[in-house]
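First the structure, which I've put down as structure tokens, then a few questions once you've had a look.
Naming follows writing order (A, B, C and D), and every chain is counted from residue 1.
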Amino acid sequence: MLLRHTPKEISERSALMINPAKTCQPIGAMYAALGIHGCLPHSHGSQGCCAYHRSTLTRHYKEPISAATSSFTEGSSVFGGQANLLQAINTIFTVYNPEIIAIHTTCLSETIGDDLPQIIKKSKEEGNTPEGKLVIGAPTPSYVGSHVTGFSNMVKAMANMAEPAARKNGKVNIIPGWVEPCDMEEIKRLAAMIGVDITLFPDTSGVLNGPLSGEYTMFPKGGTTVAELKGCGAAIGTLALGEWCSADAARLLDTKHKVPCRVLDMPFGLKATDRFIDALRTVGGTSVPEEISHERGQLVDMISDMHQYFYHKKVALVGDPDQLIAMTEFLVSIDMCPIHIITGTPGKKFEKRIKEITKDVPFPVNVKAKGDMFLLHQWIKNEPVDLLMGNTYCKYIARDEDLPLVRWGFPILDRQGHQYFPTVGYKGGLRILEKILSELLDRTDRDAPEEKFELVF
Amino acid sequence: MATAKKKVVHWDPVDIKAELLKKYPAKVARKRAKQILINEAQENSPPSEIVANVRTIPGIITMRGCTYAGCKGVIMGPTSDIVNLVHGPIGCSFYAWLTRRNQTSASGEKGENFITYCMSTDMQDSDIIFGGEKKLAAAIQEAYDLFHPKAIAVFATCPVGLIGDDIHTVAKTMKEKLGDCNVFAFSCEGYKGVSQSAGHHIANNQVFTHLVGKSETVKTDKFKINLLGEYNIGGDGFEIDRILKKCGISNIATFSGNSTYDQFASANQADLSCVMCHRSINYVADMLETKYGIPWIKINFIGAGATAKSLRKIARYFGDQELIDRVEAVIAEEMPDVEVARLDVYPRTQGKTVMIFVGGSRAHHYQELFNEMGMKTLSAGYEFGHRDDYEGRHVLPLKVDSDSRNIEEIHVEADPNLYRPRKTPEEMQALEENGLKFKEYEGLNPDMENGTIIIDDLNQYEAEKLVQMLKPDLFCAGIKEKYSIQKLGVPQKQLHSYDSGGPYAGFKGAVNFYQEIDRLVNSKVWGLMQAPWQENPELSATYVWE
Amino acid sequence: MLLRHTPKEISERSALMINPAKTCQPIGAMYAALGIHGCLPHSHGSQGCCAYHRSTLTRHYKEPISAATSSFTEGSSVFGGQANLLQAINTIFTVYNPEIIAIHTTCLSETIGDDLPQIIKKSKEEGNTPEGKLVIGAPTPSYVGSHVTGFSNMVKAMANMAEPAARKNGKVNIIPGWVEPCDMEEIKRLAAMIGVDITLFPDTSGVLNGPLSGEYTMFPKGGTTVAELKGCGAAIGTLALGEWCSADAARLLDTKHKVPCRVLDMPFGLKATDRFIDALRTVGGTSVPEEISHERGQLVDMISDMHQYFYHKKVALVGDPDQLIAMTEFLVSIDMCPIHIITGTPGKKFEKRIKEITKDVPFPVNVKAKGDMFLLHQWIKNEPVDLLMGNTYCKYIARDEDLPLVRWGFPILDRQGHQYFPTVGYKGGLRILEKILSELLDRTDRDAPEEKFELVF
Amino acid sequence: MATAKKKVVHWDPVDIKAELLKKYPAKVARKRAKQILINEAQENSPPSEIVANVRTIPGIITMRGCTYAGCKGVIMGPTSDIVNLVHGPIGCSFYAWLTRRNQTSASGEKGENFITYCMSTDMQDSDIIFGGEKKLAAAIQEAYDLFHPKAIAVFATCPVGLIGDDIHTVAKTMKEKLGDCNVFAFSCEGYKGVSQSAGHHIANNQVFTHLVGKSETVKTDKFKINLLGEYNIGGDGFEIDRILKKCGISNIATFSGNSTYDQFASANQADLSCVMCHRSINYVADMLETKYGIPWIKINFIGAGATAKSLRKIARYFGDQELIDRVEAVIAEEMPDVEVARLDVYPRTQGKTVMIFVGGSRAHHYQELFNEMGMKTLSAGYEFGHRDDYEGRHVLPLKVDSDSRNIEEIHVEADPNLYRPRKTPEEMQALEENGLKFKEYEGLNPDMENGTIIIDDLNQYEAEKLVQMLKPDLFCAGIKEKYSIQKLGVPQKQLHSYDSGGPYAGFKGAVNFYQEIDRLVNSKVWGLMQAPWQENPELSATYVWE
């Protein structure tokens, strides 16, 4: 057994987290910042933070992840990190010449109390920041919230780049939340089909799923441009996908620039995508093209074709709140039974929402925010499931409990595809179903007695 | 193949160095200039000096990590039956969760293995404000109640030092409270020192203080050694242990690949310390000698030749003819397969070039393997090495700077009861005269060719420049560097924690390595980067129909 | 053991085929005919043929497959099937009212010697075939070639609909061969991106991957229209993808209407797709857009990222000639080693081509045309492989020999996705690699001793 | 749910019939009119007559298959230890390869199981021109050399008859040549008859001629029956055998689910034949009685009630009190679980409606299960039934038409040695008077409600019309019909070869069926077919922001 010390009996833990279902804010901020065109993310803290975040993102995307660090030493920790940051900004613009630097803090610089806005201002005054170049910052204390919070904070900092607008530009802001590059691409494809002119931010497509061509560029073509971000204030509205990832940025645009917003679920699965598409066509005053209805119908079709394999299968899920909410709804809508749902990110609202979505599930449902995978594993030991969905760390539970595993979420370190094939939208729904089916049916094939081995499913 | 297309380039090392520095701000350029060395033949003395183990310039995209990574990630991570508990916000513990490929076989007597567990106090803002000691104590208690481990190791992350949590007192108190569990702590906050290296040192000190010599069990084997600085990445340690066992040499304590509490605790009973990774572990080697009288030698199991050489050194130390014969027999038995594999790949690898920028010793060790394959190392350097790793231990002691000053140097002296010189001064001298050097390491530079470029703390920008200028057939570094290099069409191999594969140590490891490098430098993929319409974009007037 | 009677020792068989790697012509003709808009395929033979073909296609697509039959009786078999066919045509136009009926023969009607063109002519004369409606026919004797031959024959019959053209219309005909609906969609997407105006035939997209919306229509939106097919003669050229599936139709257009043609491999994998794209841009006199080079680069990128898992893995493949040729080339190009390759379809050219593609593979390579899965299984018993690729029937071999299986080809009866996610083109290449990887890595995870269980691949 | 939205529709059956016929050419309409019957209460005699087992109109998209399918696919397919060799082009053999879910447990004494093998002579044009007898002989030899089976069955496909290959002579010759292998052939060319039905008959004849009575082994069990017309789809036969065994009844031969050579060969030793699928197997039942004196009764194990009833019939036949008690005990033990499952789904299934168009008996049998769930059958019919399957055996003998004429009727008479009446005429009469009817089957019509619509050989067009008019909650047919029906938003269940799941026979099967139907008629998916913008397309003037 790989997790041989995990007991079935569940004991209260007040201080010890084991096998977390979250990580810290800065990595979320770094990922979000990579969704700005020509941006170099900067970690204001010790070297290790930056190294760890880059390594994790690199393993997930199998792509170069460039980010700089303030390389704090004991000295800077005592006297504050201003000197380091000023030198960093200078070095970065001189050596790497990005359009923009997106700084996030760390537990270290937050504990010290470095004043980011003041340092950024100072850097500009001292000519450290060249004309036409930009430096933004987001506070991301690692001891608050989770990687999701950090993502949200950086997205908020992007929204904060919006400039006052005399008149509306007819565009709609879409804040996709923490989804994969291909998901962002898919959202753009859908919006284009509906004929709504959008600004998507952040947008990591083209940045984190790049080609191999013999050339390396630190700042690939993709990403939301600084100009687009500055223009967000002129939008007719903002659709924020995911309360945890995207709402703050949307609401900031509302308060600061009177850009009205609506917070929707992430478009995973049929119903959440329906609401997204319907909102988009309503906001844009356009109508939904036949192709999209066709894609939708294909998803419904596969649900009906394969319903017997989904029906009443028990699922354990671990991930981030916005994703879990949409995925749980999707599973329930195809008559699967999510019975253990865990996120490491805090938020009572999460538990409430999940309970609501699963109220008609014919089995008792466990849900916990601020939980960990150790607890999820114990739940599974007490009430087994047919399927496990979560990031790569779930593979240890899956092997010990001999469970089919659909890799989903962040990070995925041991398989390919997530950066290329969207799971949002109707096509994404088809992909999710394909993955669930192949896991369930592989298991059926493996365990079938010879006389019940099936040719046709 | 990419190599086929590759135009041969002739660069003068001096121009290369200039090119690397050109773009830097003056101050940065001055500093980096001292860390970039054009290697000279060793006869012209004084051998040139390199600046190492100094701060990375803020804003530079460095390969380096932090002290916590060196302490928890590298040294303590590979132990199997000690519960590692990280005191701090969740991130540091999460990122070090199974992300290094140090393998463990749960060899502790009760088969404990905590390697798959990631434990943290998950500090919240309230803990930052009001202090985290209570939470730490509670977490230790919860870990004890759940797992009843022999020992719990506590690691501090950045904020802990700043808010002044006294983790050592908490550890001490809990140790007394629990009674049958050894609890100790590491003040390895990330901001200390200038790289992982400081973390190694801190780990060395605490392991020596809290673990070494704590075992009751007496090791009775004939030829007992400690293997220091071997981390069982990809199973290297398994292969080395296989060979040692075959030779009749007992490795009673590995620091720290697949190690157990009992191994650390018994290290003082060995008769020889063998140092693999000089950088990360030489402190322990010295302390073992001072306190217990165990001499140490530098060995290297990376490379078939190096492995044979190291085995012979150990045998010579013990001076037992039977052992010496056994070692020769093992070498004679293992080498033929290695040679077959080597000669198979050689025609495809010889003449190819490589760059290596890893570790505190690996950039040196792996050149053995590349030499065996006929591949030349054009440029190399360490991520967190010190001057002695480049120039050899004769440059010691190094002057202390403001960063190293803060890393505690623990004072050790001969143990009144346990100190026992393994050899008489005469025996030692005789061995020395026979060419068995104790406490000696010559460093990287002497083993590299004249005119090669040695660079300390290489960064993203310089790496890209180097590759573009010298177009090596292979680049060796870490995960963060992997894909920016490969985007340039040059295969990259991770040599800190191998990206995949292994073991690469010992005899079987050499075979694995030959084949892996053959795969990398001869992969068809590097010939697929250009599309036909990119190779000849002009449209042929008319399409050639059937 | 499911195939417990299969011996390792291989004995010559001259008369007995066991576990075929092919089926008969008519089903290929039926599939091709479904790629014409408003077409009802018609099987001129016994009821059973039609029932069997419809069932197999239905199980593969999980979609309604409409086709009619001449319902031969003993009488018609003696006196000929003309009366049945005439009545059938009348019934079909009256009851189902298709635009066109595409008739294929069977071993029965071929053995009897029914004269299809004459009967079709008669039907028209007798007013059986209403004005503006069309009836075409293809001879598909089941005792010649295979399902691939039948597909090719029906595609040839489509090409035969082309009408003499006074002047070229600037379009390019693309004959995709026997690929999935989504593959045809993908080929259209690529052509559109390159800016070449094409006529794709057959085109089953929109026909066999339809939506569930509460409505049923026997003739969905998709398919190549009769008008388009009539216009094929005005094209500037024809690109035929696959010698076995598409060449005959292309050459017919050349001889009959002087439409020049080029036979390319099916665009599976990097190099075959390169040749297709390069041909298309050359023919069209356009240039390849950045997006396509980007997709290409993504495929090359994944090959390099995951190369260590492909390198020198042995693969056994079974399928149809055109697909096998392209797939074998793809596998070789990523340093995998296809060592057993079988098709049930006859053709010495096939063996020659495969030998040429695999000449540098560092292991002995077995290849056979007109072979069967029984032989493939015996080859595997004699020289084991790391991966098996083929249709659903391979699952019996895979389970007995405990082999990872990538489902690929026709029919796929026990998994979903093939009708929705293309395997042609660069994106298709990514999907193929994803599938191969997930099979290989699942196996690695399953078999790894605990100390070697990996988090990161 | 779709059903929730569903508007209730009231159609007069007469209008429905008219609507179904409206679009047909006159001649077609006239013919179909005779095959569409509005069921009348049985009191008004004469009960209305239906035309069945007649040709399908060419061009009609029929549900029917061919004679080969009925012979090889249905009857002989499920046997495990007989090598089935198809003589013809490859297709016919390929399409019948594992595509029916008849399960086999390799119960032959040597554990033979050829079910996973698809064997064919793969006829080529040269064979068509020059004849295929040589190739057939060679194929039989190759099959024998590879597998050494007890028997090899040869099946003719369309061209074989036309080119005049004499497969029976080839079979006979090879049987003699091989010596220890029984080789026999079926002239089941696809064009014979009007549906699968002819194939059943042909199979019955040959099995009876070449297999029945050929076994040396003597069956000594007390209560021996044959189970005729059970094909072990989804494991139905396994469940029935479980129950029979529990009751102490020995089923010595199933025709032909999971059957073995020896079972067929021993069928003559049974004391009662129990007929499940009347259509496909009644010929054998009759011949067994004529030649060996084994009476037969119609039974039905589809439906918990029907299963209990059938068991009681068998017990009554043997008249053994111990058996009778045992049967009652088994029923008493099995029924409670069935009831629990039934009452669980009942609130969700009762009042729902269904249409069933399958088989030669299944469209009748499954109404038992639907009745138990409170579901009403609105319309039903057979794909390949005859008049007696609808109206009951009292309509026999049926007049022979040009199609049925060609299906050989073999003449059987009492076997001089083996004929042994199981009961005296008096015993038989007594049993009859006690309500145990022999050789009796009342057919589908009497069991269906007044005004329901009975349709023979339903086709694609009529099915779609029916569903649109009557909006049933469930439609039961085959694979070819599944998705066109489901596109209309009505779930479809395959009841020839179940699409998935099973067993549905016996007690456990009933539970499975209740749950499966509950799933189908209450699946959320039928409520997901409309997108919000399709439900209300008009754009609300302004979007409601937060």
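As a working rule, contacts are C-beta pairs under 8 Å (C-beta built on N, C-alpha and C of every residue); 3 or more make two chains touch, one makes a residue touch a chain.
Quantities reported herein were computed from a predicted structural model and do not represent experimental measurements.
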| item | value |
| --- | --- |
| Pair with more cross-chain C-beta pairs in contact, given B-C and C-D | C-D |
| Inter-chain centre distance, chain B versus chain C - centres from mean C-alpha coordinates, in Å | 54 |
| Distance from chain C to chain A - Cα centre to Cα centre, in angstrom | 39 |
| Mean-CA-position distance for chain B and chain A (Å) | 34 |
| Junction residues of chain B - those touching two or more other chains | 98-99, 106, 483, 486, 525, 529 |
| Chain A, residues touching no fewer than two other chains | 2, 59, 62, 210, 212-213, 293, 296-297, 300, 303-305, 393, 396, 450, 454-457 |
| Arrangement of touching chains [line / ring / star / complete / other] | other |
| In the complex, chain C residues that touch chain A | 1-2, 59, 62, 206, 209-213, 293-298, 300-306, 392-393, 395-396, 399, 413-417, 420-421, 427, 430-431, 433-434, 437-438, 441-442, 445, 450, 453-457 |
| Touch list for chain C against partner chain D, complex | 2-5, 7, 11, 13-20, 22-27, 42, 45-49, 51-56, 58-59, 62-77, 84-85, 87-92, 94-96, 106-108, 111-112, 141-144, 146, 210, 212-216, 218, 344, 374, 393, 396 |
| Parts of chain B lying in touch with chain C, wherever the complex brings them together | 98-99, 101, 103-106, 235, 258, 483, 486, 491, 499-501, 516, 519, 523-526, 528-529, 531-534, 537, 539-540, 543-546 |
| Touch list for chain D against partner chain C, complex | 2, 23-25, 28, 55-69, 85, 88-99, 106, 111-114, 116-125, 127-128, 135-136, 138-139, 141-143, 145-147, 157-159, 161-163, 189-195, 402-403, 406, 460-461, 464, 478-480, 482-489, 525, 529-530 |
| Chain B-touching residues of chain C, taken from the complex the two chains share | 237, 251, 254, 260-263, 270-271, 274-275, 277-279, 281-283, 285, 287-288, 293, 296-297, 300, 303-305, 307-309, 311-312, 333-335, 450-452, 454-457 |
